[in-house]
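First comes the structure, then the notes that go with it.
Labels for the chains are A, B, C and D, by order of writing; each one numbers its residues from 1.
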C-alpha cells in the first residue's frame, strides 16, 4: 500500500518540485532521481503483486493485477532510462539555444506529470478515471511537443491536440455509454464504472449498447494508439517534439491507450459473447500495419520514419489482442514490452545521431558508423531488432503472433507477411545509407550517453534468447486475464 | 412524483440543445458562435439542475454549478478575450458552403437517431430519450471542427463536443460519478487554457489563425 | 563422447570469437578467429561422421521460449550437413589466416563470420521450429553484415539491401510453412510436426511456402536475383562459405521440412514435378548467364544457381519417384542430390578461394584484365583446375559421380502415370546434360582466360603466388574433390543413413554389391562406373605413351609461337571472356536478351576503320521482370500515402468522423 | 580372364586400326572425287613421321599444353577400350557405361580446348570457343538418343544394351530409327566431319578442331591426330554396337571371334563408306547453322523418346 502511494507520489512530487527548479543541471539530476525512485518503488510493488496475485488499493479505486503491474514496471523503467538519456541530450539543446531555462523547467515538470498520468492510468480501477488520466498524459505531452516553439512544432502540437482531443472525446462518449448501461445494473455510483465489478457483471450489460460503446472507444482510444486512419498526429508529434518525448510517446503513451482499449474489449467480449470487438481490432490492426509499412518508404525525416514504425507495431499488437487467444495475447504482451524497449532505445540513438549530424533529414545523415561507431551500431542493431530479426525479442513475439494468427484466421497471415516484409524493406532502405558510407562534412562530435540504449537492447536480446520463467508466467497470467472466451480455433 | 414533468423539461432542453448545435454550425461570425456556445453551457447547467432536482441527486447540484461557472461563463469569456485580443472577430469563411453543411448535419442527426433509438429502449431511466440527441449534438460538434478553417472555431467545436458528452452524461444517465465529473471538468479547463496559450503562439508565428497555414509549415518542414 | 557433444562444441567454438572480440587486441584477432573457426569446422566434421554412423542424439538447451526450451538433435540428415559445413569451414578458416592478413577492420569480421557459421550449424541441429528460425535468421543477418562489409561502395549497399530483403522474405515464407505445421501438430517441436496429420490442401500450402522460402534462399530461378549481386561483393572467404555452404543449408531446410516434417509418405506427384522443373530451369539458365559474365566472382555466383538446380533435379526426381512409390529409386535420387551437395560445397568453395587468391594478387575481379597467371601462381592454378574439372562433371573428379547418379535415377525411372509426366524425366536429364556441357564450356573459358594465354594487364603480369596459408586452404578441398571422385563407394554408404531415415530403405548393399571398386546402383548389369579403374587405366596408358615416346622426342625446342606465321600477336588479340562466349550469346539471344553495341569509327573512308568499340550488357531477367516492377509498385503506393499524410488537419478529422460513422453503420 | 584378355586385344585392335579407318575414308572420298588418293596406309605414315620429329614449343607454353596430348590420347583410348567391338560381354566394360564414356570423351575435349587457349593465339581461342559450344549442344542430343536405347534395356551398360537388342526379336521400332539418325548427326559433329567441320582444312576462319591444334608439332601433334582417328572409329563401333549388333560373339570362342571380326569389318566398311559419300555430297554448313543442325538431332532423339513412350511401351 505505502509502496503504491509512493509509486504515484514520487512523479507528482518530482513534477511539482521541478516546476520551480531553475538550475538545469540540478534539475536533470533530480529528474533522474525521481525516475529511479519511481522505478524502484514500482519494482517492489510488482514483487508484492507477484506474491499475492492481485490487490486493490484505496478502497477499490485502484486495482493491480498481473496485466497492469508489469506495464507499470515497464513504464517506470523506460521513464527512468529516458531521464538518464535526456540529461545530456537536453543539456546539448540548452547550449545550442533551442530551449531556454524556462522551457527546461516546463520540460522537466511536464515529463514527470506525464509519468504520473501514465501510472495513474495503469493503476486505476475506474474507467472514468482511466480516461481522465489518459487525457492528463496527453495534455502534458502536448506542451512537450510544442517545446521548441518553432512553427512546425506548434503546428504539430496543434494537430496532435485537435485530433487526439476529438478522439478522446469519442472515447469519453463510449465510457458514458458503458455507464449508461451499467448504471442500470450496478446503480449510479462509482461501482458502475469500476472495472473489476463491470467485468464480473459483464454478461448482464446490454450487448447492443456495449457494441455502440465499443465503436466509440475503438475510434477514440484507437486515435491515441495511432491506428490508421486516425494516425495522422503521430508522426508529426514524434518528428517535432524533443527526442526524449518521442521516446516516451512511442514507448509508453501508445501502450496506455492500447491498454485502455483492451480493458474495454474484455468488457465488450463479456457482454456480447461474440468476436465482434476482436474482429474490429484485427481490422484496424491490419490496416495500420499496411499503411505504416508503405509509408515507411517515403519518409525524409528520421524521427517521422521511426514513428511510422511505431504505428506498424501498434497495429501488430492491436491485431494480436484482437485475435484474443492465449498464444496471441502472450505474443501481444511480449511485443508490447520489447517494442517499448527497442523503440525508445532507437529514439535515444536517433536523437544523438540528429545532434551529431545537425539535422533530422535522413538525406543528410550518412556514415554514422564511421563518424561515431556507438551511434552507428546502435542504430543498425536497433533497426535490425525492430524489423524482427533474431535473436531479439521482437522476432519471438512476431513468430508467436504469426503462428497464433494462422491458428485462428489463416488468411490474415498473407497481410501480416506482406506488411512485415514491406516494413522491413522500408526501414533498411533508409537506415543502411545512414549508418554506412562516408561521413559528411557537417558532422560534429557529440558527447553521448549510449548506456540506456544498450541496456534496452540487451533486455530485448535477453527476451529473445530466453524469457525468464517468472516473466513468462506473468505474461501467461496476464494473457489468461485478457483472453476472450468466445474464440473458436479452426483446426486445419 | 414529478418524474413526468422533469421528463418534459429535460426533453425540451434536449430539443434546445439540438437547436443550439445546429445554430453553432450555421454561424458565420465568431462572436455569435461564442454567444451560442455560452448559451449551450447555460442549457447544460440547467439540465443538470433539473435532473438533480428530479432525481434529487445532490452530487448533480455541484456539477450543475460547476458547469454553469465553467462552461456558461469562464470558457466563453476566455475565448471572447482571445478573440478580442487577436482581432479575429471578423467574418469566418467555412470550408464548404453552409447549405451543404446543413444537409450533412441533418443526415448525421438522422443517422445518430437511427443508431441510438433502439438501444435507448433498454434503459430504465426517465431521461433516456436524450441519448440520441446527445449523440447527434456530438457528431454535429465534430462536423463543426471539420468544416471550419479558423483555429478558434475548431476549439469551439471541440468544446461543443465536450458539452454534448456532458449532456449525455447528465441527460441520459443522470450524471456520472462526481469524481469523474470533476476530473473531466478539470481536463477541459486545462485544455481550454492550453488552447488559449496556443492561439497567441499560432498568431505570433503564423500571423493568422488559419489551420492550413500550420499544415503548410509542417509540410515544408518535412519536405525541406 | 557422442555426436551431440561434438556438435555443441562446434557451436561454442563458433560463438566464442564474437564474444571475445572486444577483449582481444587487434593483433591477435585474426589468429584467434581462424583458430576457432578451424576447430569449429573440424568438430563439426567429427560430429557429422559420428552422427552418420551412430543413432540420433537429442537434448534440450535452457534457451528459447519458456514452454519451449531449445531442442537440438543430431540425426542422419543433420549429421550429413554438419559434415558438409565442417568440411568447408575448416579449409576456409586456414585460408582466411592468409587472406585477411592486411585487413584493418578485422573486428567486424571476427564478430560476424563465426556468427554466420554458428547460424548454419544451429539450423542443422535445430529440432524445433523456433530455434530453427532463430538460427536461420541469425545466419541471414550475419551474412548480410559480410555482404555489406565494403559498405563505402554504393552498389555493395544496394546488393546488401536486396539480399537482406530476399532473406527476410524467405524467412517469412518458411515461418508460414512452420505455422501451418504448428497449427496441425499443435506444438513447435519437430516431433509433433512429424506426427501432424495434414489435409492434402494444407500439406500443399505448407509445401509451397517451404519450397518458395527455401528456394528463394537457395537462389532458384526466378527468385535468384539477389544472389549474383550479393555473393561477389563479400570478402572472398565469406563468399566461399556463402556459396559453398549457405545455399546448402537452404537445401537442408528444404529436405528437413518437406521430406522429414511433411513426410515422404504423402508426397503429391506435382510437388516433384514442380521441383524438377525449377531445378532444370535453374540449372540451364544459371549456366547460360554465368557464361556471359566477365566478373569472375559473379560468374561463380551464377554457377551456384546452376548447381543448386542440379541438386534440385535430383531431389525432384526422388520426390516424383517417391510419390509413385518407387522408394529404391527415390533413395538413389536423394543420394545423388546429397552427394552433389557435398561435392558442390567442395569445388565451389575452392573456386571462390581461388578467385579470392587471384583478386588478392591482381587486385581485380575482371577476367578481361587477367591471363597467364598459371606461370605466376602455379599452385593456385593447379587447385583451380581441379575445381574446374570437378564442376564440369568430368571424370575422375567428384562432380561427375553425382551427376552420373542423377542420370541413372532419371534413366531408371519407370513408367510414371501418363506419357507426359514420364517424358519430363528424361527431358530434365537432357537439360542436366546441357547444363553440364555448358559448364565445361564456361570453365574452359574461365581457366583459359584467367590462367592461360598472355597477361592482359600489368597487374596480371606482375601477379605473385599467395602465401602458404591460402595455398593450404585451397589444397585441402582439392584433395577432397579427388577423393570424393575416386572413392564414391566408400563415401556413399555413409550417406545411406539419410534415405534409411527419410524413406526407410537402404541402398548400401545395392551400391557396393560389386565390391568397393564398382559404383553400381541397383545392379551392375544396369549401370556401373569404376573411377579407380578408369583412372588407373588412364595413368597406365599415359605412362606407357610417355615412356614409349620420351626417348624418341626428348628434344624439345623452345621458340616463338607460330600462330599461322604471325608470331607478333598483341595480348589484346586473344580471345577474351566476352568473345569466347559470343557464339552461345548469339545462339541463346532469346533467353539472354543481351544488348550488344558495336561502334565503328571510319573517319576517313568507309573502308578505313580507325576504332571499333564493342560493348555487351547482359542484365538479369529476374531483376528486370520481377524485382524492379515490385519495387516500383511499392514506391508508388508509398508516394500516394505520403501525399495523403500531408493533407490538412480537416481531412484527417474527416477521416476519424467517417470511420466512426462507418463502424456504427456496420456494427449496429 | 580369357574375356579380359580378349577385351584388351580388341581395344588394341581399335587403336591400331583407327588410322586405317581414317585412311579408308580418305581413299573412298578420293575415289568418289575421281582422285587416286594417298592410299589406306597414309595416316600411319604421317603418324610415324610425326613421332620422329622434334617438338617445337612456344616459349610461354604452360604445362597444360604439354600434358594435354597425353590426356586427350589416354582418355580417348580409355573410352575406346570399354566399347565392345567383337565380344558382347566384356568384363571391363563395367568400368564405364555409355554416360561415363561420353564423359571421358568430354574430358579429352576439355583439355584439347585448354591447350588451344594456352598459347594465346586468336585461332586457339576461336577453336576452343566453337568446339566447346558445339559439343555443349551435341551432348544432350547424344544422351537423348542413348536414353531411347537404354530405356528399352533399362540399362546404360553397353553389354546389357547390346544383348538386349540381340535378344529382342527384330521388329521395326520407329523410336530406334529416330535415335539412329540423331546419333549419326551427332557422330558427324563430334568428329568434326563435314558438314559441321572440315578435318582437312587449315587456316580457314571456319575451322574448329584444327584451330586448336595449330600450335602442336612432333609427337604431341601425332597423339592429337591419332586420338581424333580413334574417336572416329570409336563412334563408328558404338553406332554399330547400339543399332546393328548382329554377328557379335556372345562367347569368347575362337571361331565366334573370327566371325565377329569379319562382320565388324564389313559393317564398318559400309558405315565409313556412307560417311565418305555424305562428306563428298554435302557442303559445309555456315557456322551458325550448326546449332540448328544439332538441335535438329536433339529434337529427333526426343521425338524418338516420346514415340517410345507413346507407342512401344504398350507393346
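Things worth noting here:
Here is the rule we go by: a residue touches a chain if its C-beta (ideal position, glycine included) is under 8 Å from a C-beta of that chain, and two chains touch if they have at least 3 such contacts.
Source: prediction; values computed, not measured.
Across the two interfaces under comparison, A-C and B-C, the one joined by more C-beta contacts turns out to be A-C.
With centres taken as mean C-alpha coordinates, the chain found closest to the middle of all protein C-alpha atoms is C.
For the pair chain A and chain C, the distance between mean C-alpha positions equals 44 Å. Distance from the chain B centre to the chain C centre is 69 Å, each centre being the mean of its Cα atoms.
Taking each chain's centre as the average of its CA atoms, chain A and chain D sit 78 Å apart.
Centres computed as Cα averages put chain C at a distance of 35 Å from chain D. Among the residues of chain C, those in touch with two or more other chains are 649, 653, 656, 664, 668. Residue positions of chain D with contacts to 2 or more other chains are absent.
Each of residues 158-159, 162, 166, 208, 212 in chain A touches at least two other chains.
By the definition given earlier, chain contacts exist for A-B, A-C, B-C, C-D. Across the interface of their complex, chain B is touched by residues 646-650, 653-654, 656-657, 661, 664-665, 668 of chain C.
Interface of chain B with chain C (complex): residues 95, 108, 111, 115, 118-119, 139, 142-143, 145-147, 149, 211-212, 214-215, 218-219, 222. Those residues of chain A that touch chain C in the shared complex are 158-159, 162-163, 166-167, 170, 208, 211-212, 214-216, 218-219, 223, 229-230, 232-233, 235, 276, 280, 291, 294-299, 369, 384, 387, 389-391, 395-396, 399-400, 402-403, 405-407, 410, 413, 417, 420-422, 424-426, 428-429, 432-433, 436-438, 464-467, 469, 472-473, 491-492.
Residues of chain A that touch chain B in their complex: 126, 128-129, 131-132, 135-136, 139, 142-143, 146, 149-152, 154-159, 161-162, 165-166, 169, 172-173, 176-177, 179-181, 183-184, 188-190, 192-193, 206, 208-209, 212, 236, 239-240, 300-301, 304, 361.
Residue ranges of chain B in contact with chain A, taken from their complex: 57, 115-116, 118-119, 122-125, 131, 135, 138, 142, 145, 151, 154, 158, 161-162, 165, 168-169, 172-177, 179-180, 183-184, 186-187, 190-191, 194-195, 198, 201-202, 205-206, 211, 214-215, 217-218, 220-224.
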